Structures are given as structure tokens and as C-alpha cells.
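Notes to accompany the following structure.
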Amino acid sequence: MCGIVGIANHPEASNLAYLCLYAQQHRGQESGGIVSSDGTTLYQHRAMGHISDIFTRDVIAKLPGHNAIGHVRYSTSGASTLKNAYPFVVNYSGGWLAVSHNGNLTNYRKLRKELEKEGSIFNASVDSEVVMHLVAKSREGTLEDKLIGALKKIKGSYCFVFISEDKMIAARDPKGIRPLALGELQVNGGGMAHVVVSETCALDLLGAKFIREVEPGEILIFDSCGMRSIKPFEKETKRAQCIFEYIYFARPDSNIFGRDVYTIRTGFGRQLAREHPVEADMVVPVPDSGVPAAIGYSEESGIPFQMALIRNHYVGRTFIEPKKEIRHFGVKVKLNPIRELLKGKRVVCIDDSIVRGTTSLKIVKMLKDAGAKEVHMRISSPPTSWPCFYGIDTPTREELIASSHTIEEIRKYIGADSLGYLSKEALYWFEKVNGNEWFCDACFTGDYPVDVDDAPEIMKLTKK
Amino acid sequence: MCGIVGIANHPEASNLAYLCLYAQQHRGQESGGIVSSDGTTLYQHRAMGHISDIFTRDVIAKLPGHNAIGHVRYSTSGASTLKNAYPFVVNYSGGWLAVSHNGNLTNYRKLRKELEKEGSIFNASVDSEVVMHLVAKSREGTLEDKLIGALKKIKGSYCFVFISEDKMIAARDPKGIRPLALGELQVNGGGMAHVVVSETCALDLLGAKFIREVEPGEILIFDSCGMRSIKPFEKETKRAQCIFEYIYFARPDSNIFGRDVYTIRTGFGRQLAREHPVEADMVVPVPDSGVPAAIGYSEESGIPFQMALIRNHYVGRTFIEPKKEIRHFGVKVKLNPIRELLKGKRVVCIDDSIVRGTTSLKIVKMLKDAGAKEVHMRISSPPTSWPCFYGIDTPTREELIASSHTIEEIRKYIGADSLGYLSKEALYWFEKVNGNEWFCDACFTGDYPVDVDDAPEIMKLTKK
Amino acid sequence: MCGIVGIANHPEASNLAYLCLYAQQHRGQESGGIVSSDGTTLYQHRAMGHISDIFTRDVIAKLPGHNAIGHVRYSTSGASTLKNAYPFVVNYSGGWLAVSHNGNLTNYRKLRKELEKEGSIFNASVDSEVVMHLVAKSREGTLEDKLIGALKKIKGSYCFVFISEDKMIAARDPKGIRPLALGELQVNGGGMAHVVVSETCALDLLGAKFIREVEPGEILIFDSCGMRSIKPFEKETKRAQCIFEYIYFARPDSNIFGRDVYTIRTGFGRQLAREHPVEADMVVPVPDSGVPAAIGYSEESGIPFQMALIRNHYVGRTFIEPKKEIRHFGVKVKLNPIRELLKGKRVVCIDDSIVRGTTSLKIVKMLKDAGAKEVHMRISSPPTSWPCFYGIDTPTREELIASSHTIEEIRKYIGADSLGYLSKEALYWFEKVNGNEWFCDACFTGDYPVDVDDAPEIMKLTKK
Amino acid sequence: MCGIVGIANHPEASNLAYLCLYAQQHRGQESGGIVSSDGTTLYQHRAMGHISDIFTRDVIAKLPGHNAIGHVRYSTSGASTLKNAYPFVVNYSGGWLAVSHNGNLTNYRKLRKELEKEGSIFNASVDSEVVMHLVAKSREGTLEDKLIGALKKIKGSYCFVFISEDKMIAARDPKGIRPLALGELQVNGGGMAHVVVSETCALDLLGAKFIREVEPGEILIFDSCGMRSIKPFEKETKRAQCIFEYIYFARPDSNIFGRDVYTIRTGFGRQLAREHPVEADMVVPVPDSGVPAAIGYSEESGIPFQMALIRNHYVGRTFIEPKKEIRHFGVKVKLNPIRELLKGKRVVCIDDSIVRGTTSLKIVKMLKDAGAKEVHMRISSPPTSWPCFYGIDTPTREELIASSHTIEEIRKYIGADSLGYLSKEALYWFEKVNGNEWFCDACFTGDYPVDVDDAPEIMKLTKK
């Protein structure tokens, strides 16, 4: 998971890109970077860490120009180095080109092997490096045409923002798996700048107007003439928008895939209350992601909402435990229960999902140790049984507890008095017309909407 | 405001001190430090920044010993340098001595001037430096006796933890203005360690047992013989516990002055709903501090609770605004409203206090810009009209909007449709017997329970 | 100019590589790096700055394995970023490959353009990136064979050390332009390690035995079977060893191209005394590079040697001049004259070369301001009239004062009382048999021994 | 040993102070700092490390004002922390006061104990902290008068530069043990600034004119009226200028105690050649400190001077040796011999002093391993038999090899073929009139010119 941004035709492009990364920091805290262009040259700065530590006034001053792209990265295991930080910059026959990428290419390994066979070398372990190779090898004339050719060869999920000396180009995959929003901002002194971001909360910080989503399969070209849209792909009949953006990833104040995330999440909570009612004294969210669903559950059930688990927001990258400590601190570092409130009470605890089950186990234990008489776990999504190949860092199938355990087995494992998941039907409460036709819910169903060439065996295991 | 910790008789004292600072980071994010003792030598590390950045495994390894004290500091204006970071360490005729301090001495300037007249030099701008001078000048024999003499000369609020080569000493002012809790922790391999912290949430992280508060006027001495308590002051008939710890400062999962903060805050909300009811569609807290009161208001009024203002938890020390931006970003950096939820709605907005009024003004504007039809501001404390001299960094009287404006004037200034403050009576809903006899509420009343020698004119202005 | 190292078959390979970089720091102070291999994986660390700042015990501990290569870099203008730091690492069909490079490819731009036309992308601005592309595109079977193919396509000067998962390979260009020495080191516990370095002073620090030069056109392969030598190029009849290594670049305690640098430099001084004798009171070197030639001049002429210019060895990367200062500090930061010694004296000042003339001008002025009655400049090399394309960072022809001025004009410009350059004949005093047949002295003669495809016009200007 | 600077009445005072520290970096590489004053407030910056790393343009911009003092520190063992970095700043009844100190107080412990008995506290371990206490306790009216009182109580060696809000004051001890020079500099735009430095090489870098030494016992006051001199001490009949400044510490291009260091050092070499002649093939200095004496020895003896030991000038703070290495690298890291030059030769090796003997042992071995047939060690000072209490960091008497061994025993220990020290008489070749009347040579003679209260036993051991 990552957050991206592109700013076109604004005199302070890199400062605006910085603000958009700031607002999207929750999408990746490992590394960040900005590449800007003044029409002639690309300027770049990338570093490990948080946006507020990486960018100073001096650094931004060294990123001049009217176009800029940026990236915040949440790294998957093993590849966490500056070399793999985005934006990724290369030089090729057409000049300089940089890219920010949110998503995951499912034929990356296959394409990389083919490219390596042809003698290509790779400097990083980021999957958009293959896109750069494909662009560079293209015989087409313009950058747009080179890009179209490259995009037709790749599979998977992607939102790209490219920047060259004189253009910025945004592209979203034909199935629309990852979100990408288009905004515009009046420039002081005249003119209109364009802004492309993963989440609309970044537009809010700028004070930019949210125009619309970048459409699935759409390519937007921004240059000195303004913005042009091209749609080089055949019209897809179905979308495959990532349902997990609604469940967990996006900020609740963002509009994603045309809908407000907060409203959808409180709706999950209301549905959950209808499907899995229980007599209890309070509804307690696992903060922060469980809060809206807990509010919905409370509304629907009439059971009072309480913030009985308090989150420490100063949790850093490292945490030093005493050497002789037998039990690991784990979730204790982040959460602390309010004992007086919980003592002798029956608690409905709302979380967004269960992955390995170990966190839920610790939370149930924490609530019970704090005096809760009963803990009823309610999950605002169906059981997560299949890994994601489209950009969310989930573990392998073996590690997903729901892939090999019944709900009753999971309940026993986590020590809850009852356990209820949201049903697949109730998940689409907000989308009565198309239902799951428009969404990717492969993590719950195994129905992968886009081939996963790099892990072909997974396709055989699924229902397809 | 600061957070302090003392660990006595534990083989990993500095690691535990680090954990307690971690849990109390909300009490000060500017600088942090630990001083440990192995019975012979003091070891120290202090730096600017967050605890998770300051302390690495290597740093903690260089702080050996079975006793340790620590500090997180929230600096008041002007004095923000490493030199003023705590713990403050000196050498005197009795050897080494270090101290962590939470509070503010109200005769610091007076004592400092006297000491300077006698030829004392000052290396820092921290008020406990005068205590060190008084201890060093004492003719008494033991460190305890020197300390008692010093404490009898100072006025104001304080919780101290001192560490010498062979002792740790905790002390709380006779009025009990600032909180200080005592816990104990079983040592792996036998024995019992003692822990002294500002807030009990730090005991929870350690898994230490909360025994009791350190009593007002009590001095606790920890050495190889264990713990001793002495009470050298005449018994005070009244306490002066800081009511603002309940309103804003403490973490909701802490037990302060013998009561759970979360429960008290939800009670403030319930009282507020009774005193200032209004017809509305939703109750919206200013996060995070307004959340419990909003939950209480919602419970009592039956108006649904909604998290319609989302907080960005990645806000850093610096924030770089575009140069040509006319309006400053201000509260926008921290908060973003959920438009869809607010559109056309009547909102009760709950905040803990109004200081200058500028933040409330921006929040009301933000809610209205997001579409709210009405905004009813409800404050879970009485009007803040008097500055605090006991450790909370409030502005001067002139800057406190409530010191010179009526509630109606404030309402107009912030642009709210209605404004309601909690009454002084309702503030003590939880303390029917003693009422405000046990608390300092000078910020609301001007009744300063301890003389402020350094600002004598303030005493004349007040009712006393 | 750069310094390189390769260590093969030693259990502490990266620590030894670090020591060799330490000893070769004078060949590049901008950035440094090491890549090691444990037979399976490559480990890397690269950073800007000095070796003693870049490498800590912890960093070296993260570079395990029995093979390692390293690099210190002196960057030419504009390309000074971490991205261009060496060793340069890529992944291709054959696995991982890293390279350190000393030298400059003269058909780099031409090859890069060809590669870009074929669709290759470039991530850095280092010329060995084209070699990596050529290796990756090769259809040959083994890494050695791929490399031979690549080396046959490139022109210019190079000493390479490559490292793959299981091999280390050293290669020197057929003309032997840059130096490369081979050493061996007994491993504690048995076995013999091989060491390849730019200068033998690095072998001295290790206590390694200097075996011989890597021969021009030779490729040395180090793997688990030990060392193999192959010579895939046709035997060159002439070498083109860089004479400037003797004049300026190498450390005086190194053996370069089979001869001790110090001895050659004192010889330059003796020749200079014969060719340009003068009556004077003292011989003063421009430290440190002018010292051996000044000793030689003093010996031959009988004029006393004096260190009348003292060098500040703590000169850092930055130097902050007062804003209102009219004259820039320039050479004053590095050198200070000893007034008492110089007052009223006739001085022979020895420097290794004159490039733009501005430094000589300042030195003559500094000596005269300090009281010298006469300053006779003596240069231990012929006039530098042509730019170097083989790895030394010289300015363009226009900027070289000797390319467009007579010696008398230069003398006037720098303000010396007399000026004498070493003749081209005397330069080869140590090589009576082959004379300049074995050396590249294009910077003096314009006789470029290897085609400069990237600057073809230069070839027309020269005598060839 | 330390280097100090004071700049008075210059609009870029802190930038000039920085330049003077830069030029005096050889006097201390551990920490550095500057305190400036704009007439109202003191501004400070201190950090560990080299001047060129500590001060950036931004840092200097935050040190405004027309007066500034600075310090470079060479720490003695144990006390190497930022807390002990100079300038040392305090606040007292008279306002702010900061000081830079070069020297060592010999009754520091005694005074500190007395002050502690009176109740004073100490924040650092720097001996000028007692001076600050004495100033603060003074009942005198002006800062000058307070200072005179304090200086009359302290013993030992000192050159101080103090800075208050509106004055800068320089003071040198009555015996003149440490050097302090006064210079002046024309201010662009009019006016004359004053500069006080440890060594005149710093004046040279500024382009300031060297006026004279600050006289022993003189106090110079710089304020808005210019400079005033007072001499509050009774005239001392003898000086006690540190002879070791001439032997080793000062830069050869400085004028110290009224004489040029380089000239004195070459004289030491000439005397040494007369006292200890030997048949040999070359004179080789231990660089850099042995160079001038070797030049002198060569001149006098006619034996050729050769730089056969090459120094690595990039030696950093840390050096990481291979784990399994049996012999430690020691002097090898800094020096490398030129084998070809030394092979079969008889070498006169010149060093400035022998302390423990271990370095000389390694150098003799290095020369012999490189092939030298004979090594004749010549030391340009008498045997160092007594520790220094006046500011040079020498080991205890037990560790000084000459305190308990004859010259023949030392020769055997270091493995030299012969060993010759300069005689005490020849040491004063440059001072025929007063001889050693004007110098402190206690390190050779045990005649301590100033009482050492903190180590009284040493006085009994000496001849006095």
C-alpha cells in the first residue's frame, strides 16, 4: 500500500505535493519522495522516514518547477531500503522519466524474467521498473504512445503518476482496483492547477476541489496545454475496486470510488448489529480503524458506545523491551484498557478484520484481564481467507487463520465468548444495484478478477 | 506540563523508565531523558525529540543500575534547548544529584534572585535548579533532611523524583497540585521494585500494580532497605488537585487523584447535556480530547455520536506552507471534516476548553464550510479566565478570551449558533462531599490556592 | 579519479576492504562504499563522505562474506549524489553483479546512446553502467565470457573489480592507463587471500605482500578454486600508463607501474634543478604534493629545503567566509607562509603542475606578501595543455592556461620572477629504454593513445 | 590543550571567531563552540566534532552580534561530553557570562571543595566553573573588579576570554604560561576590531595584524569605548612560558611568545646535530611535528633530508581492525615507510619527544622492517620525566619512560642503534640572555614554577 500524488501547472508544485503526502502519510510511513520538473530538468529528493522529517523548507526549495509527483511507501518485507524508495527515476532515449506507483503488478516476475533474458538490468526491486523498461524499449513516438504500449503488457493493479521534463501523466488500471482522484486548484495570480491523489483527504488539505475519480483505464496527460484524457483500453464491463479500502485502508474522511468512507464504515457496523446481535453493556472499537463501525453498531443496537481501549499515538519505529521479560509487549504498546469502565461488563468489541488471529487473541485477553465479563468479537468484514496480490501486504494463505479454521475454531482460539463476521451480502449494503460486480473481494472469496501470472497456483485453488 | 518516572530496585531500571516515558509521551514531546544509578555512579542521556527517537538499545545499555529516573518535557516558550532538558544533574558536596520535576515553583524568581545575590550561578532555566542550590547549601546531614529544608522554602506545585548514587526520593507538594502515583512490580528472580509515575497508564504498560497515590506532602525514600515514607509538613486541611488534569491533560486510561479520567470526562459530557441541551442531529467531538465528553453528551441527550472531524496523527514538528498562500493552514493540518455526514445537519461540537478562541473559530468555520446547518459549541469546562501558575502553559490574562468577554461575545466571535460552558457546580459532579474543596480551579475562579510570589499582582486581582 | 579494492577468499573481507579504502582516501573523498558476498547474496553499504565516517563496526558487521569490493570516489562536477556512488549494483539474468571502477570510458556516450536506442534505461550517471548493460545483453555462457565481450566494446581507461554471488573479477585496460596492483595475505588459520588495489600503500596497511601489477589487458578471476588469469586481448605493443599518477595523484609511498613514486618525484626535482637552475636562498614546496620534488631540487642545487608554506590539514568540505569580505579566502584556507623565514629571501617554489594558473598566482602573491624578495616558480611537469579523458578531472582546453599562453605569458600572469617547467625529455629520466613509449602524456602532448569517441573533435586538434 | 579566540567590535564577530577556530583546530579536535553577543543577549552553539562539521552558514547566522568568543577543545580522558564543551555559559546576579579557557588551574579541586562546602553546585567538570562561582560571589561592583578578585584566588595556567552582554575581557596568567596574542582588523566601512587568539596563525587567516602578545598578568577589556588594559597583579620577575609550545604543540607558522616557531624548531634540529652527530645516509622526520627539526639536522649535518615516512592525513576518530588480527595497527594507520628509499640505509629519525616509548618502538621497528640498516633516534627535546599540570595532557610520572629509565635503557627498549636527546642547555639556543628564566620546562626538570595544590606530593618530589 502506498500513497501517490501529482501536481500539474502550479508554481509551488513540490510544496503542494508535500502537503498531499502529509495528508496521505497513513498509506505508508517507511519512505517518501518528490520529483519535480521545471520544464527542462527533473529534481528529486527521497529518504527513509516520515514526510515531516524528510522535507524541510530547504529541501523543498531545491525542488523547483510547476509539475511534481510524490510518493509515500509502506514496504513489504525485505525490500526496505532507500534504493527502493519512490519516485523511481530513470534516463532513457527520450530523456528523464520518474514514476510513483500505488498497486502491484501480477506479471512483474514474468515480465522481468523476459526482460532479463533480453539483457535488461535491474537496479531496484520495485515493480514499476519493468514499466520503465517497456517504455524505453517502445518504438512508438510520443511518451503517451510508449506508455500505452507498456500498460497493455502489464497486469495487476496500478495507479501511476509519471513525470518527464515537460509532462505529467496519470494512469489507472482498467479494472480500477486502486483509487485515484482528480482535483483542481485555482492558482494565485491566475490559471488552474490539476492535482491527482490516492485519497481525497489530500485535496481537502490543499483546499483543492474534488472533480472526479480518474476512471479505470483512463490516462490523463498534463502539459502546457492543460489536461487531456485518453482511454486506450477496451471498455471493461466490470470494475474490481478494492473493497479493503473501505474496510480498513483509506482515511474515514476520504471519498473513495465515489463514496464517503466513514458512511460506508458506520453502515458496516449497522449491518453487523443486525446480523450478529448480542446482549451487552457497551460497544468498544479497536481504535482507530474500528471506530466508525462501532458507532454504527451502537446506533443500530442501542448499546452504548465507549472508547474503552485507548490508543497510544506516539508509537515509534522501535520499541525496546526489558531483556528478562517473559511475555512480549505486543499490542500493549499501542492499546490500554480502561479498567473501571470494563469491570464486570459485557463487551461487544469491533475490529475491521482478523488476519492471523494473534492480535484479536491479545485484545480479548486484555479486555478480560481488565475485568470484562463477556467479550463478543464483531468483525466488520467477512473472514479473510485469501492473500491479496493487488497491493495489500497480507500474509500467505497458510498464515490466514480463516483459510483453514471454522469461525467456531477461530472464536475458541481468540478466547471470545462469541464471534461474528459481516456476511458477504451485507458488505455491499451500499451498492444494491451492482453488488459485488464492481468490487474486488478476492481476499474473502478467492475470486481473483485479474490473473496472477506470478503465482499461477493460486488461480487453481480458487473457484474459477 | 511534564511527565516523570522513578524506578527503584529493579535490575533493568532504565529500560522500565523508558517504557514509562513512552506511555507518558503525551505529557511532553519536546525533550526526554533518563538518569540511572548503579550505587556508585550516575549515568545520563538526554536529547531533544520523542522518546522512541531518543532511546535505542545501545543508549539504554549505557544506563546501567537498579535505580533510574526519567522525564518528558513540554517546554514553555523560549527555553527550548537541550541545556534545559531534564533530568537536571549537578555535583555538590554530597556527591551527584539529579532530579525530574513536574510542576512550577511560584517563588522561583524570588528565590533565584536571593541565591544570585548570595553569589550563586545558574546554568539552565529550569526552576528545580533553585532546589538543587537549596539542597547544596543545607547544613543538614542526610540528603532527606537537606531536601526537607529545601522543600519548606519553595512554593508552588511539584512532583519531584531525585536520584543520588544510592537513593531515589520522590516528593509531592503539600497541596497535591500535580498527580504522582506509586506502583510495585515483581522482579523476575525475586524481590519487589517500586515505580513512581505521573500517570497510572505508565504502570499499565509495565504490568506494575498501582498501589496508591503519593500523598500530598509525602516524601518517599527508596534505598537498599526498600521504601520509607515521611511527612514533614503540617497536615493541610485542603488539597488543591489540578482540575485541568481531568479536563484535558491526563490520558483517559489513567487513574488520577484516585479516579478514572475517562469516567469523569464522560460525566462532564452528561452534565453538559443537562445544563445546555439543544436539538441537533449529531454530537461531534474535537478529537482526541473531546471524545469522552462527547460520548457522555450523546448518552445523556440521545443525539447520535459521530466522529465527523478526523484527526491526522502524523502531524510533525514542522509544517511547510506554500509561500503565496493567503490563509494559514492552522487547524486544517490536524483536522478534516467529513462533508457528506455534516451536510445540512445540526451539530453539537464538544471541546474541552476555549483559550484564545482562535481554534474554536476555525473549527466552527470548518464545520459550516463542510455544510453543517447549525453548530452548537459545548465546552466541557467553565470559561478559562485566569492564567495557571502551577505548571500548565496558559497565555496571559489578556489573551484568555473569557477574561474580558461575555459568553455571548465569545459565541459571536467563534461564529457558533449557541455556546454552552459547563458550570462550576456541575464540574464537581463526581465529588459530592468535598466539592471544590479538594481541587485547584484557579483558571476558572482566580482563587489561587498557593501564593504566586513571582507574579504578586495576580493575587490582588483575584477575589481573595 | 577513484580508488578501488577487491578482497577474495578472506573471512573478514569487508573489514580488509575498509582498510584499503582508508589507505586510498586521497584518491576520492566524496563517497565510499563496499559490496560483499558470502557465496549466495550480495550485501552493500554506500554513503557520501569519508571512509572513517561512513563505516562503523555495526555497518561492517552487516557486510559478511569472504569476498568484497570497495570504492572511494572523487566526483566530477554535477554528478555528486548517492545515486552515483560506487560500487554500482545491478540484477540481471545471471543474478547480482556489482562493480568498482577507476578510469573513464571514452566511448561511454556513444555506447549509451546505442543502448538507449535499443530501449535500455539508465539509473545513474556512472560510465560503468554501460558495461553492466553489455554484460547483461551478452549471449555468452559464463560471467567471464560475458565480461570479455563487454570489455571488447568499451574504450578508454579502466580498472574494474566485479563481484557476483560466487566470484570476484579484476580487469585492467589493454593500455594499462590506470594502476592496479595484486597482493596476497596469509589468512589466520590457513589459506591465502588475494587483494587487488589501486595503490600498494593499501597493501602495506593490511600487511599484505605486493606480488605484481595486474597486467594491461589481463583479467583475474577469483573464486573458490583460487585465482586464474586470462588475457583475451591481442598483445598491445605499447602501454599508456598515466604519467600524472607519478606527478601528482598517487601517494608517495606507493609503488605504481612497478616503480616507487617518491623516488620518481625526487628525480623530477633533480632534473628540474638541472634544467632550470637559479640562485636562491631556499627551496619551498607547495605541500603536500610538491614536497618530494622540492627535496630533489634542493639536493641537486644545494639550496636549502624549507617548509615555508604550512598546510592546514583540517580543511573541510565547507568554509564559511564573512559576507562583506572583498577578497575570497581561496588558497589562504589551506596554506599559510612563515613570514620570518621568507623575509628578504629569494625563493624557489616547487609545485607539481599549473592548471588554470589562479592557484599559482595566489601562492606567488602569498610568498611576496610574506616578504620574499624573489619567487622562482618551478613545475615538476611540462605545461598542461590538453584535457584528460582517461579519468583525471581536468578542465576544458580553454581553461588550461598553457594551451593558449607562452611560458613567459604565464610567468607574467602568476607574477613570478622566473618560471621553469620540466621538459618532456627530463620527465622520463627514470625510463631511459622506452622513454615515453610506455606512458600516456596526452595532457602535455595532445597525443591521445586511445580514441576519444565522445569528444571526436579533440582528436583532430592534436598532432595525430 | 585548547585553542581560544575573542573578537570585539566587528559586525561579523562570530564568522571571524569561526575562522580563528578553523585555523587553530590542531589545538583540539574534540568539541567546539562559539558564544556571541549583540549587546543585550548571548547566543551560543557548541557541539562535539570538528569546526568544519559543527558550523554551517545557518548556525553562524544564529550567532549575531559584534562580540564573540570561541573554543576548540582537546579533552583529557573521561570528561568527553557536550556538557563539558566550551564556551561555558552561566547566569548570575550580574546577568549572563561565558568563558573560553586554555590552561589548567592547579588549585581547582581545592577551590571546588571549598565552594561545595559553602553550598555551591557544579554542572560540568571544567575548571573554569570555579572562576564563574568566584565572580558570582564577588561583592565588587564591575565585572572587571569581580574578575580581578577571582583571578587572585586561582593558581595555574590560564588564558581566558570572557563575554558578557556588553563586554569582552581577555586575561593571561601572571607567569604567561599559555600563549595569547592580540591583533587588530580594519572593519569594512570603518572602525577597528580587536582579535585575541591562542596562536597568530589564526590572525593570518583573518588577514588581521598581529600587534603584540597579551602580557602575563594583563587584563584587556573590550567594550563600546574600545580596548583598555589593566595589570592588577604585582610584577612577576620571571615568566614561565611553556617550552612545549615550541617543541610540539603550536603550528610552525605561528609566532608564540614573540618568536617564530618554525625557526626555533629548525634550530633545535641544528643543535641536535651538533650534540649528537652520527654517520648516516638520510635524515627522516616523524611527520608532521618532526619536520622542521629534521630540516635543521639535515642542514647542520649535511645528511640529506628525506620524507621516508608518509603520513595519512585522513585518519578519523575511529578505526575498525579485523577481529582476528593479532598485532594491533597502532602507528601503521598513520604512517607508512617508503621501502625502496630505506633499504640498506642508515637513518637518522627525528621526533619531538618520547612519552611512553611505545610509539618510538613501533617507528623504529617500521623503519627496520622497511629495510633500514641502522636507525639513530634523535629527539628535539630533553627527556620528558615529569607530568604537566598546566594544560598539556601528559600521563602520570610512572608512565613516562624517562622518569625511571636511563637513556641507554630507553634506546634498548625502542630498538634504536643510537638515541640522542637535546640537552637542556641547547634547548635555549634562541634565548641566550635569559635562558630558562623565562620558560617553564617542568616536564624536563621537575621545577614547577606555580604551586600545584591539587597534587601537593609532586612538589615534594621535585628539586625545589
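A, B, C and D label the chains in the order they appear, each numbered from 1.
Basically, a contact is a pair of C-beta atoms (placed from the backbone, for glycine too) under 8 Å apart; a residue touches a chain by one contact, two chains touch by 3 or more.
Worth saying up front: this structure is predicted, and the values here are computed from it rather than measured.
Between the CA-based centres of subunit C and subunit D the separation comes to 37 Å, rounded to the whole angstrom. Taking each chain's centre as the average of its CA atoms, subunit A and subunit D sit 61 Å apart.
Mean C-alpha position of subunit B lies 50 Å from that of subunit D.
Residue positions of subunit C in touch with at least two other chains are not found. Taken as a contact graph, with one node per protein chain and an edge wherever two chains touch, the assembly forms a single closed ring in which every chain touches exactly two others. Of all possible chain pairs, those that touch are A-B, A-C, B-D, C-D. Listing the residues of subunit A that touch subunit B in their complex gives 11-12, 15-16, 18-19, 22-23, 25-26, 29, 50-53, 55-57, 60, 188-189, 201, 204-205, 207, 251-253, 255, 260, 262-263, 266, 288, 291-292, 295, 298-299, 304-308, 310, 312-326, 329, 332-333, 336-341. Touching subunit C in their complex are the following residues of subunit A: 82, 89-93, 113, 116-125, 132-133, 136-138.
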